[in-house]
Amino acid sequence: MSPELALFAQITMNGIAVGAIYALIALGIVLIYKATEVLNFAHGDILVLGAFIAWALIALMGLPFWAALLIVMALMGAFAYGLDALVIRRIAGQPQFSGVMLTIALAFMIRGLVSMIFGPESQSYRTPWSGQSTQVFGVSFANIELVIMGVVLAITLGLWLFFRNTRLGVAMQASSQNQLAAYLNGVQVKRVNSLVFALGGATAAVAGVFLAPIALVDTALWLVTLKALAAIVLGGFGSIPGAILGGLLIGLIEQYAGVYLPHGFKDIAAYLVLIGVLILRPRGILGEAHGRRV
Amino acid sequence: MRFAYDTEYRQGFALLRHPEDWANYGLLAALLLAAPFFASNYILGEMAYVLILCIAAMGLMLLTGFTGQISLGHAAFVAIGAYAHAWLMRQGVPMAASIPLAALIAAAAGLVVGIPAIRVHGLYLAMVTLAFAIIVEQLIGMWRGVTGGFMGLSVPRPEMFGLSLASPTAFYYFCLAVAVVVLLGLLNLLRSGLGRAFVGVRDSEAAAAGLGINVKRVKIGAFGLSAGVTGLAGALMAHHIGYLTPDGFTLLLSLELVLMVVIGGLGSMRGAIMGAVVIGVLPVAISRLKAVLPDVVARQFGLELFVFGAILAFFVLFEPRGLNGRWLKLRALIQSFPLYRRDTFRRQKAYMKSERDK
Amino acid sequence: MNAPLLELRNVSLHFGGLKAISGLSMTVQPGEVLAVIGPNGAGKTSMLNLVTRVFNASGGEMHFKGADLRRVPRHRIAHLGLARTYQNIELFENATVLDNLMLGRQRFDQGRWWQQLLRTPALTRMEEDHRAQVEAVIEFLELSPWRNALIAGLPYGVRKVVELGRALCTQPELLFLDEPASGLNPEETRDLAFWIEDIRADLGITVVMVEHDMSLVNAVADRVICMAQGAVLAEGTVEEVQNHPGVIAAYLGG
């Protein structure tokens, strides 16, 4: 295999791995948005909190990786549930701007708390796959990336089955399409919405635990919220398959921009895509077209 | 309660309508003018900084509070104003020309960002402005020839018509004068046709268009004007900082500006100023407070961020009309003392109103 | 008969396959009060939205005083002398009654931007003129108790009157009222009838109203058009239209 092609294969793999994480974050944000119409700007900060707790469990307390993952998922799920039940639910029915402001406020508070509790320094922890790689056709891929892809694929499939086949999943779908109708049919909309937040929190935790090994455990990780927003817009606002597709594409675009474009473009590629899509094709790739009604 | 007994329309237009207003604002003006006689240089510097924040917040208030367009990226216009001003001055342009030019350059950038505002609004516009601010921050780092990149750019000493403005007192008075001029100009605008058109576009685009308002032009114009005012604040900020680097204009500054207008109370210039004062003074207050706080809390890096977040959350949840709303209630309570009812300001019940299809 | 003030010829409006209006032709004569009635979904409000350029017509011709309305952008409609109210009330919620009415003056000169910024004496005089016009409307509609109240706190009936007032502040030649009496009590409806009479007689404004309340239609309309399925079904005096067999069938769903 030629070196150029090997490089291309390598960065494609990197892009898909990072993109899978973006997809997972975007998925959580879209789930919450569809259910509550709140665009959760605090999503990335829940992820940061999860990553730091994972670091504490693994690096400080010596817990095995999988145990830490499950604990963090449960903790973040409960945390997000509480966030909705105690705070975010209070602004239901107010303009979207209130939701944006409130979640930005929560994001500040979580980020402030994280750096007060865990300190401002970046951290890292070992995973069972740290430093391991697999050779495929002479190109070496980091095992952690393969694991990330597998995990994200498994979660996506699991969610798909959950929404199709379980009572709760169907109730969530119903309430995100028409809250009043769902309520009249016996769905406890408030509780279901908080459960959607819990689900979002748990997926953010997974994303955080797996993102930290390929980045660092740092409060700056919250910026993935913005990458996820770019992914959501690219895929089509409000579409779950769109969020996943958008996440993968943003991951790839970033990696390619980092290698094939001048220095600095890697950091702004996602945002250029965001603006470009909103101006040229606001409904993204898979979004539904809807006109404004007077 | 006070009733208006106007005998001429002109009285109704007046900015200060009551004798108490004259007394209160007169006292405030006297205090601000006398500040250099009793405040230390450090305090004066902080006051100048707060005045600059006031100007920036007024710029954002014009956009978000009066035309209803959300911008989460106004730090970009502060940055553009600051860098344009510093660059122009370094090319030998006198300060008296460089400041208005910097404001114009920021306004031009605002017009460009305003164009998407025709097609996207609400959340989408918030995301566009957010992305724009990040891109500007990165571009400043990359464009070394003009901005000095991450190495930074030193700002020439402020001097106007042969007078040095470098001393804390002179710079404070200069910022005060600019802030007052901007405030009066914007208040005039807001009580004229254009200001009413802004409010019209904010509350109902359909009705505004039906009354002969060119909604697109008003929206883009508001963006340009808002960016220009914010850029003006940036030009002053350049002198306050003295040395420009991209990390002086991050997302945090954008969000702080949003914080100011929201906790101040959307839709009022008084709110913008109140918000700017609170957010400007808060870090100083927190650092003072650290001396008395237990060490475990005080040395914490995230304390300031946490307090910002907590204040914003408090206002969104409990006082959506912001400090200005609080102030109006307090004033009503005092004026109508025995007759004040708790529900005088109670809002009508808001029903779930989906914005999905907008 | 004089030349019509407004003339619609064979106008149609399609949303995809849905035909909201098809082959609509009608005229409005200067000085008349024309009522447009018809069952729900007949295309009455769509007709208003077409004429005021909220929607683009899919076909046909629309002329107002000789001007081709299809070529006029939406924000220039008011400048031609067309004003309207809305079925669901489109007021500026977070502004005062006075500001809402002053916004009705937007089609007139508001001064250059620098005059507004500096509040020059010329601008103050201009504002006084606008204010005087607005005050005349406030007096006409008896809105003075509410002058400085925010819309958000007003009762429904008052909001309807404010919206009518805002339309009058544009000094239109032709005024469209979209269900002016809906949600009003009988007393408020009676006031409205008097106002519509005065608007026509004293202000010389031609009125077209979409209305379901036949008592109001009976009281003020010179002529009635009944629409059904996006076209004119019957046209004439109130009695003629009410006794038209097609109209009865349309209302009964025949």
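Per-chain numbering from 1; labels A, B and C assigned in written order.
Rule of thumb we're sticking to: a residue touches a chain if its C-beta (ideal position, glycine included) is under 8 Å from a C-beta of that chain, and two chains touch if they have at least 3 such contacts.
Since the model is a prediction, treat every value here as computed from it, not as a measurement.
Asks: Going by CA means, which chain is nearest the middle of everything shown?
Replies: Checking distances from each chain centre to the full centroid gives B.
Asks: Hey, which chain ends up farthest from subunit A, C-alpha centres compared?
Replies: The chain lying farthest from subunit A is C.
Asks: Could you tell me the distance, in whole angstrom, between the mean C-alpha positions of subunit A and subunit B?
Replies: 33
Asks: For subunit B and subunit C, let me know how many angstrom lie between their CA-based centres, rounded off.
Replies: Centre-to-centre distance between subunit B and subunit C: 39 Å.
Asks: So how far apart, in whole Å, are subunit A and subunit C when each is placed at the average of its C-alpha atoms?
Replies: 50
Asks: Mark out which residues of subunit C touch at least two other chains, giving numbers and ranges.
Replies: Within subunit C, the residues that touch at least two other chains are 54.
Asks: Out of subunit B, which residues touch more than one other chain, so two or more?
Replies: Residues 206 of subunit B each touch two or more of the other chains.
Asks: Residues of subunit A touching 2+ other chains?
Replies: 294
Asks: Residue numbers of subunit B touching subunit C in their complex, please.
Replies: Where subunit B meets subunit C, its residues are 4, 9-10, 12-13, 185, 188-189, 192-197, 199-200, 202-204, 206-215, 267, 347-348.
Asks: Spell out the residues on subunit B that touch subunit A in their complex, using ranges where they run on.
Replies: 70, 72, 115-116, 119-120, 122-124, 126-128, 130-132, 134-135, 138-139, 141-142, 206, 255, 258, 262, 297, 300-313, 316-317, 320, 350-358
Asks: If we count contacts the way the header does, which residues on subunit A are in touch with subunit B in the complex?
Replies: The touching residues are 37, 39, 87, 90-98, 100-102, 104-116, 119-120, 179-180, 219, 226, 229-230, 233, 237-238, 263-264, 267-268, 271-272, 274-275, 278-279, 282, 290, 292-294.
Asks: Residues of subunit C touching subunit B in their complex?
Replies: Touch residues, subunit C against subunit B: 52, 54, 74-79, 83-84, 86, 90-95, 99, 102-107, 110-111, 113, 116-119, 123-124, 127-128, 131-132, 135, 148, 152-153, 166, 170.
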